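After this come two complexes, each holding chain A, first together with chain B and then together with chain C.
What follows is the complex of A and B.
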């Protein structure tokens, strides 16, 4: 797998100097934007050099065996090229061309031809009909056609993060990458898996267990092998956030029984996610809005939430949302209420704690009182104030959350735009709506529950997950 | 249950399924279906297959009145619509008359099924289906005649752990129907859990079963009992 993300030599088959050539955009990306220093070769009919990458008319003529071949030619040429790659001893191939399983009988026949070659030669393939891989730490990207003026590639690669995405659509991959502009999303790796004739989403769940990944985001249009996916997810110590489209009824076609008649694919997919501990996303935006709750905050280990606001309205709005999300507005203990009374400026010492105009220190005191209270598992601060000191105050809150090992889902009504403008730069996980903040608490809790159910213990500080015996098992080798 | 009994039960189930597949049946009769689901820990009605009026009367006395009579055949999947069900038969005369009526319908039957009449206000459904991506899946939900209209069901991919079964039971909207209800006891959830796990196991071990409907599963004094069951065989798709 590693060679898909960190190849030390690459050949782009189908890159040429013709106008609008897609293969050439891959060469340009590697050379001009990523300053990829390892050899990049190209193969085209004229054996012409592309952007300084030496050209050959066949893979067989290359001076070395590249770690990775990227194929981007018309589908009908692909089986022959895969055979050449096999002859040359290439073990990793990304097929970006389309027109296979989705292209009718001829496509399927070509697909079978490819399957035969890779099986007998121990080759692993990504695609067809995909973009391949992006790895921020390795400064590698096999995506074609990415317009660097649309997506600031530098920004993605300059600040590698711990979120890895498996995405079955180029367009959605770009949406996630573009969210870097306004959201707190640090990317580790992105894979676009296409038709997944060989390597599939379950393989990547296993692979992401042993690298820097902290959160796995997925966008799927279909499932290659439902049971394989469930098994991989059950083994995963890292949260899997999944958005799935495609509500087919193929299973119900031949149904006679009521059971089969009512079993739509989506309902069963939902159940499979619950059983395997996969968090199913409700909107495509959650692919970038929720991971920060996992990368920046401890997990919500119980369902008791304390709310802290200076706006009664938002207290009521969020209270309804909490209950709908199966979380609890915790009744604060007498001891906690006494402490709050002494903190000053507090209108209401019961949950939701309501505060009048107060200096930053009062906010910090209240954060501390609530986070240190035994009856509180997590915090929902709804603060409609915005001054420059707020950033510092929130940084202090982040430290306290780590110290007490309890999360806060921050929302700033009346200052949403200002918060969005600074959150990535200052690495403060701020949510855009009360719905989003409550949802973040909810998925954090769901993931913790699923870890417990599967016998894992999560230790965010170590970025390692341990089993019940508290022995580190994070080094588990994945199947690949 | 002893290992010997389990093996015997499994042998009986395999035999029923094997014969049905050999005969080219698309489905099992209710009687055969119930043998199969009973083997998977689903409680079923006390019942017997009879082939004469006298036998029907004798069995009715043995089971205890009131009883239900149903025409039995693997091709008869909509018994009620075909007028092949007689309920609430309170004495020997009722049974004898009902037996004659069913036999006179002129429909080919392999016998008459006589069973205890189970009374209860709450009806659930348990089912098995095969998903193209996830394989055998178990369903639980609100049963009876409104099953498809209400669509209050939950699914789990087989095999099920006890926790999975418990979760899916609590996932239906009308979960309150499991509690004590209008003077009736709360539903014995352990029985449901065992049944759901058992049906999942059945799906894992018997590829020849395509789908199962156990509907209704009537709750009487807190105990769920399968009143009707239908096992669809994989052969119908071949």
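What follows is the complex of A and C.
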């Protein structure tokens, strides 16, 4: 697999200097933007050089055998080219061309022809009808048509992170990457798998166990091999967040025209996911909004949640959501309520804790009282940023959560555009709606439960936490 | 009611020059920011002038009887002040002070005392525990604590619109106003009704029938008088979008501590809403995201929806959502499919219509073909803004929707922050997620159905539509 993400030589088959050539955009990205230092060759009918990448009229003429071939030509030429790659000894191929199984019988026949070649030659293929791979740490990307002048793309490579995605659609991959630019978490790897005639989503679950990945995100239009997928998921020590289309007949039909998906029975699939510990997402946006709950916060190890708000209505709104998500509005103990009374400015010392205009120290005291309470497993702060000090207290809250090994899902009842701006500027994991914050607690708890159910020994390990100025010691959960 | 929104003289009881005085913020807003030209008096213990508003030690000393009294003093003083107002002949009072029924037995007793006075003197009261009213066209606002330097507040008054809100929480009112700043639609009036010991949500449904209101938004923590509310809703020719907390026991309990709400049985309430044509919202954000579907688009008069995407995956994603929302992925007729084939660049001429890279004219042709098709009631465009011309075609789409009297709920599969920016800059009614766009079609259809069910004669009337450069004639629906 590694050669798909970190090839030491590449050939782009179909890159040329004609206008609007998609293959050329891959060369441009690698050379001009990512400063990829390994050889990039191109193959086109004129054997012309593209942006400094030496051109050849056939793969067979290349001076060496590249680690990876990227094919982006009209579908009818692909089977012949795959055969040439096999002859040349190329073992990893990304087929980006569309027009195979999603385009009717002729396409299906071509796809079968390719299958034959790769099986007899030990080749692994991604696609067809895909974008291939992106690896932030290796500064490699095979996506065509990406405009590297986009600020979003800049940040993706400049701040590698720990989320890896397997996505069966280029459009969704772009949406997710663009959205993460406005969020906290960074990307490790992205794979756009398209029609997945060979390498599929299950392969990447196993692969992502061994690298820097902390959370696996998946967008699927169909499942290649249900049993293989579920077995891989059961082995996963890392949360798998999956959005799948085709819950309805109409959605499944639309997916067939798009990536040749097969309609799978959704009820059966759903129950298999639950058993395997896969978290099914309710909206496409959860693919980029929820991972931060896993990377920035400890897991929710019980279902007892305490709320704390400076804007009364949001306590009621979130209470409904919490209960509907099968979490529990924990009744605070007499001892905890007494402590809260002493904190001052508290309108309501029962859950949801509701305060009026109060100074920063009161916020910190309440965080500490709630997180240290035995009856509380996690916190749902609903804090309107009515003065900038609220942001400072949230920074402190992040440290306290690590110290007490309990999570907080933060919602700021402000306009979404404002909350996004605060999140980006101050690097605080803020969720955009109360629904999203409650959902984050819910998936955190689900994952913890599934780790236990799947028999992973779960423990807290002492570790070092990097603070702005110093290294402090804290606890982190780990599935051993 | 009019005097609550457009008083020609006001007294703010409790405004003083002491630091952090909330009453003074009301005076400052009226004088410095809204340039309110009618008399503003204040009442405080020192009879001191506040920001040029003449001060008196009692309401009884005022040189005239003001149209409206705003009371913002400690709760225990309120009953006495209400009696003074009655003596002075004041007929409209906003009680902003908290600490009544939401604060236990003493508070309840005070509230009963006030009820007595107003009944015998023909006074109407808003509150207690509220912010009162805001009217953009009258440039009047009784909200305390609002920072008029906020850009959001500026726009609210500078661009009056046609949405009116009745909101039982100051925090939610602020969230909604702040959010609309980043959206298309403007505000007509906002009422924060608090504990509603007298004037309640039903009164405002009737009142909003007669003014510039096009859509009524409501946030309720409890219902004062269920029968009165439902009767008013049945009479409403304007859509009522309502979010209510207290769906669960925990949410209802939290609401009681906040605005003295009574737990209402949610199932019964839900079925009453359906009968009365009230649209219950699923999230607090729908309060500000959905009204634009009513102000910017014709109603969805059937359930047959055609989708059009330039990013294949989103067709499948939205197909699931559409079916789950009880709308129909309409099978396009042979004639429509033939026309689409001729438009060129179309990957899939069946619903969802899916195109590759295509010029602007192809987009316009497809809009026209779909909107003019007899089998299509409305459109769901899922168009990634990959080049700026896509925005231009969406402008044309708005005109076509008016011409064909069919709506489109537009989603751009880009990062939410980007979609919000495009919406604000180009004044296009863009929804932030595919869920939101489908929901907009769904509520539009629900409202149309409920108009018919409630016996409103519904017809298209010829009207003039203002374009950028010229006045064109088109059709608009109207409940007669």
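Note that the second predicted complex is superposed on the first by the 426 of 480 C-alpha atoms of A that agree within 3 Å, B and C clash if a C-alpha of one lies under 4 Å from a C-alpha of the other, contacts with A are read in each partner's own complex, and residues count from 1 in each chain.
Keep in mind that, in the parts below, a contact is a pair of C-beta atoms (placed from the backbone, for glycine too) under 8 Å apart; a residue touches a chain by one contact, two chains touch by 3 or more.
Predicted model, so just to flag it, every value in this text is computed and none were measured.
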Scan A:350 for contacts with chain B and chain C and give back first, second, both or neither.
-> second
Just chain B (first), just chain C (second), both, or neither: which does A:324 touch?
-> second
Chain C versus chain B, contacts on chain A by residue | C
Look at A:267 in the shared chain and tell me whether it touches chain B only, chain C only, both, or neither; answer first, second, both or neither.
-> first
Pick one for A:17: touches chain B only (first), chain C only (second), both, or neither.
-> neither
Return first, second, both or neither, reflecting whether A:416 touches chain B, chain C, both chains, or no partner chain.
-> second
First (chain B), second (chain C), both or neither touched by A:362 = neither
Residues on chain A lying within both footprints (that of chain B and that of chain C) | 250-251, 254-255, 257-259, 261
Residue numbers on chain A that touch chain B, as the complex places them = 222-223, 225-227, 230, 250-251, 254-263, 265, 267-272, 274-275, 453
Can you list the residues on chain C that touch chain A in the complex?
-> 152, 168-172, 174-175, 178-179, 181-182, 219, 221, 245-255, 257-259, 261, 283-285, 311-317, 319-320, 322-324, 329, 347-348, 350, 352, 354, 384, 413-418, 420, 432-435
Using the touch rule from the top, collect the residues of chain B that touch chain A in their complex.
-> 26-27, 77, 125, 127-135, 137, 139, 141, 147-148, 151, 153-157, 163-164, 167-168, 210-213, 215, 230, 232, 236-237
